[in-house]
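Each of the next two complexes has chain A plus one other chain: chain B in the first, chain C in the second.
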Partner chain A sequence: MAIEANGKTFETDEEGYLANLNEWEPAVATAMAEAEDCPLTDEHWDIINFLREYYEEYQIAPAVRVLTKAVGKKLGKDKGNSKYLYELFPYGPGKQACKYAGLPKPTGCV
Partner chain B sequence: MVKKFMYINRKAPYGTIYALESLEVVLIGAAFDQDVSLAFIGDGVYQLTKGQDTKAIGQKNFSTVYMALGDYDVNKIYVEKESLEERGLTLDDLQHLVWEDEDEDWAEKDSIRLVSRAELSDVLDEQDVLLSF
Partner chain C sequence: MADYEIPETHEFPVIPSIMEGAMAHSSPFVAGKEFQDDMGFPSPEEPGQLIDGWKEKFLELLQEKLGKYRSLQVFMDTCVKCGACTDKCHYFIGTADPKNMPVARQDLIRKIYRRYFTFAGKLFGKLGMPNFVGAAELTEEAVKEMYSYYHQCSECRRCAVFCPFGIDTAEVTMAARDILAMIGMGQKYSNQIIPKVHKIGNNLGLPEPALRDTLEGLEEEIEDDIGVKVRFPLDEKGADILLVTPSADFFAEPHVDGLMGYAKVFHAAGVSWTISSKASEAANFGLFIGNYESMRQISLRIRDAAKELGVKRIIFGECGHAWRVAYNHLNTLAGPWDFLDQNYPIPQHILEFTKDCLDRGILNIDKSENDHMTLTFHDSCNIARASRIGDTPGSQFTTPRQVIQAVCNNYYDMSAETIHDQTFCCGGGGGLLTDDLMELRIKGALPRMEALKNVIADNGVTHMAAICAICKSQFTKVLPYYGMTMDQIVSVHQLVSSAIILDGQGEEAEESNGAE
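The block that comes next holds the complex of A and B.
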């Protein structure tokens, strides 16, 4: 599979995750989100950017539980709950947000 | 019912798949709200050392993942004192693993507990499940 963004073609796996993490650019997230009819707002970008920073530091995509806790700490308690994250990413914050962020599927995520 | 799970890590981080596999199981298992602890004995203590560089062997350096364990509420990391000493290592040679206590305004606390062989044997005795890697 592949996805078109910014005039380029990016290879993805069968579930739509970017094949090469280093190729990621913001346009990839935008294109993936459009394909799933989920236009990205600043709130989405907060989470996507957080995930990228987390991956950069620890080399793993955080589990949803970890994401929720960390978002609550960084962006405020009102955002650190699964309701808020599921409203932003209805397909599941771990799967969907990690995909847009160009990360692999979180460990333990089926 | 919450059970006490302990993962025992005995091997050097690279050269075999044990360390990485253990870490993956720990991260997956952490989702199940059990009482999880890790023990590092023998060459397993090398898994926690600072400044690992895997470029020359062409493998991913996964030592950063240990720093994330606190986020997964895995904050009981037992390191056997004699194993460190036998390898000429001290706590300063290991990464500083911490966890943040949400109930105390995210105060950072140490995750590593340096224990003697005899003390560790008592901790092993208290466990319901031991997984050896």
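The block that comes next holds the complex of A and C.
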């Protein structure tokens, strides 16, 4: 599988996650989101950027409480909960947002 | 939410009319070369193919398993096609596919057994009419069918409760999956996860620094919430208790609320405990893929961690199949545990620990904190049908209910034929909790969703509590498809966490209120 973005072709795995995570660029997120009918707003980008920063430091997606806490601090307490995140990413912040952000899929019993 | 046909729920269970081939298309992603290699399993030259000499290998492995596991031999020989199991599988009830009847699932490999390992099968096979004696040729098509339908079994063992001979389809599924993996058809989901346990310490791939950061965050959260410093120790040598819990407890909701509950109970009990970054996972997917050596290696990490940290006791968190492996097999797989304190159960379940604290009256509980909820309890299959939580028969049913009722005022059971040893799988167990099987997961949840809806309608239940990471994740995903909300599934220790009052709790708030 593959996805087209910014005039380039990016290889993805069976589940649509970027095959080579180092290739990520913002256009990939936009293309993936468009393909799933989830146009990205600034609110989406806040999350995607945080995921990438966290991944850079810890090599894993943040746990849900780490994420909601960070969002709450930055965007206000009313947004620091998973309800807000699910409104933005209906397939689940852990999986959908990670995919757009070029992070590996969280695996296990989640 | 993606579009799937959601089965209808009814006031009373309905056995569906058969729909031949309804789920023949359902098949999880096959593990690619990288994942097979990581497991030390062979991979075919071309993806989607079988390895060279697959047929001989299949029969050789089946023979080996028949010799090694007496149970498998008995299960292959004993079925009399009485039909008692046919309507007991949640996947059959939810999909109406007759191959999801446990007997039909067993027969996928039983007919191969009959063809190559019984006199009648060999004879009629030579005559070109193996099906006359319930036998069949081992073809590539048969292998693909096995891959599909052995990944439509969650190894929940409900059918075995009703089989007059006690034939356990879970063991048949495990044997079949292991053989399939060895001829190049491993399952991606499980085979991607198991190597992470060894390389990083858990199924998630959560490295030690991230785990430490996450746990510190939880300490802050509790302190912000109740004004008490509750610790989440990591890799602390000399602690008395090693907590081994599913990594979903660190990562997901409502799991994490349960983890905070364990920490508060340990805090209130005044015991010293620690999590290990090396064994930061209770789950043992070696069970799901039917691979004994894999199961053993995963268990051995717990032993190594316990020795390195010098703990005296091991307690398991809320995880269904982990408790099955721990309760039934830990001693065989990774024993002897002679270096632990023999005065305590080895291993012990967190609910056993909490119940003991409740019984001794050392926890300060305010049940009214959970008054906004009316609870029911989902028995997890691996706990209900394979273990105890305590030292008396049936304690796996009574202990969780006693704990819930000790911390909640409002509790109702779901109907009797859907709980205790007759409990229905959540629909995502046994290595099927993967997005590529979402249709199966939604349909397989039908009997549990039906029972839940009925107890909601009849008794005003608002939330269902569970003690398994898979159940919790699965319900979070499937509840919305059945018109309920994802937050209606809760952890049992989440309820404990809400009701427990720790020393010093709220004092700061009262003081500041007084000052105002």
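In this text, the second predicted complex is superposed on the first by the 106 of 110 C-alpha atoms of A that agree within 3 Å, B and C clash if a C-alpha of one lies under 4 Å from a C-alpha of the other, contacts with A are read in each partner's own complex, and residues count from 1 in each chain.
Keep in mind that, in the parts below, contacts are C-beta pairs under 8 Å (C-beta built on N, C-alpha and C of every residue); 3 or more make two chains touch, one makes a residue touch a chain.
Since the model is a prediction, treat every value here as computed from it, not as a measurement.
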{"item": "A:K69 touches, of chain B and chain C: first, second, both or neither?", "value": "both"}
{"item": "First, second, both or neither for A:G102, with chain B first and chain C second", "value": "neither"}
{"item": "First, second, both or neither for A:E15, with chain B first and chain C second", "value": "second"}
{"item": "Which of chain B and chain C A:P93 touches, first, second, both or neither", "value": "neither"}
{"item": "Which of chain B and chain C A:Q59 touches, first, second, both or neither", "value": "both"}
{"item": "Partner chain(s) touched by A:S82 [first = chain B, second = chain C, both, neither]", "value": "second"}
{"item": "Per-residue contact with chain A, leading partner among chain C and chain B", "value": "C"}
{"item": "Footprint overlap on chain A, comparing chain B with chain C", "value": "58-60, 62-63, 65-66, 69, 107-108"}
{"item": "Contacting residues of chain A [partner chain C, same complex]", "value": "14-15, 58-60, 62-66, 69, 82, 86, 90, 92, 94-95, 104, 106-110"}
{"item": "Interface residues, chain B side, partner chain A - complex", "value": "24, 27-28, 30-31, 60-62, 64-65, 67-68, 71-72, 100, 102, 106"}
{"item": "List of chain C residues in touch with chain A within their complex", "value": "1, 29, 188-189, 192-193, 196, 202-207, 209-210, 213-214, 217-218, 221, 246-248, 250-253, 256, 281, 283, 319, 433, 435-436, 469-470, 473, 477, 486"}
{"item": "Contact set on chain A toward chain B in their complex", "value": "57-60, 62-63, 65-66, 69-70, 73, 107-108"}
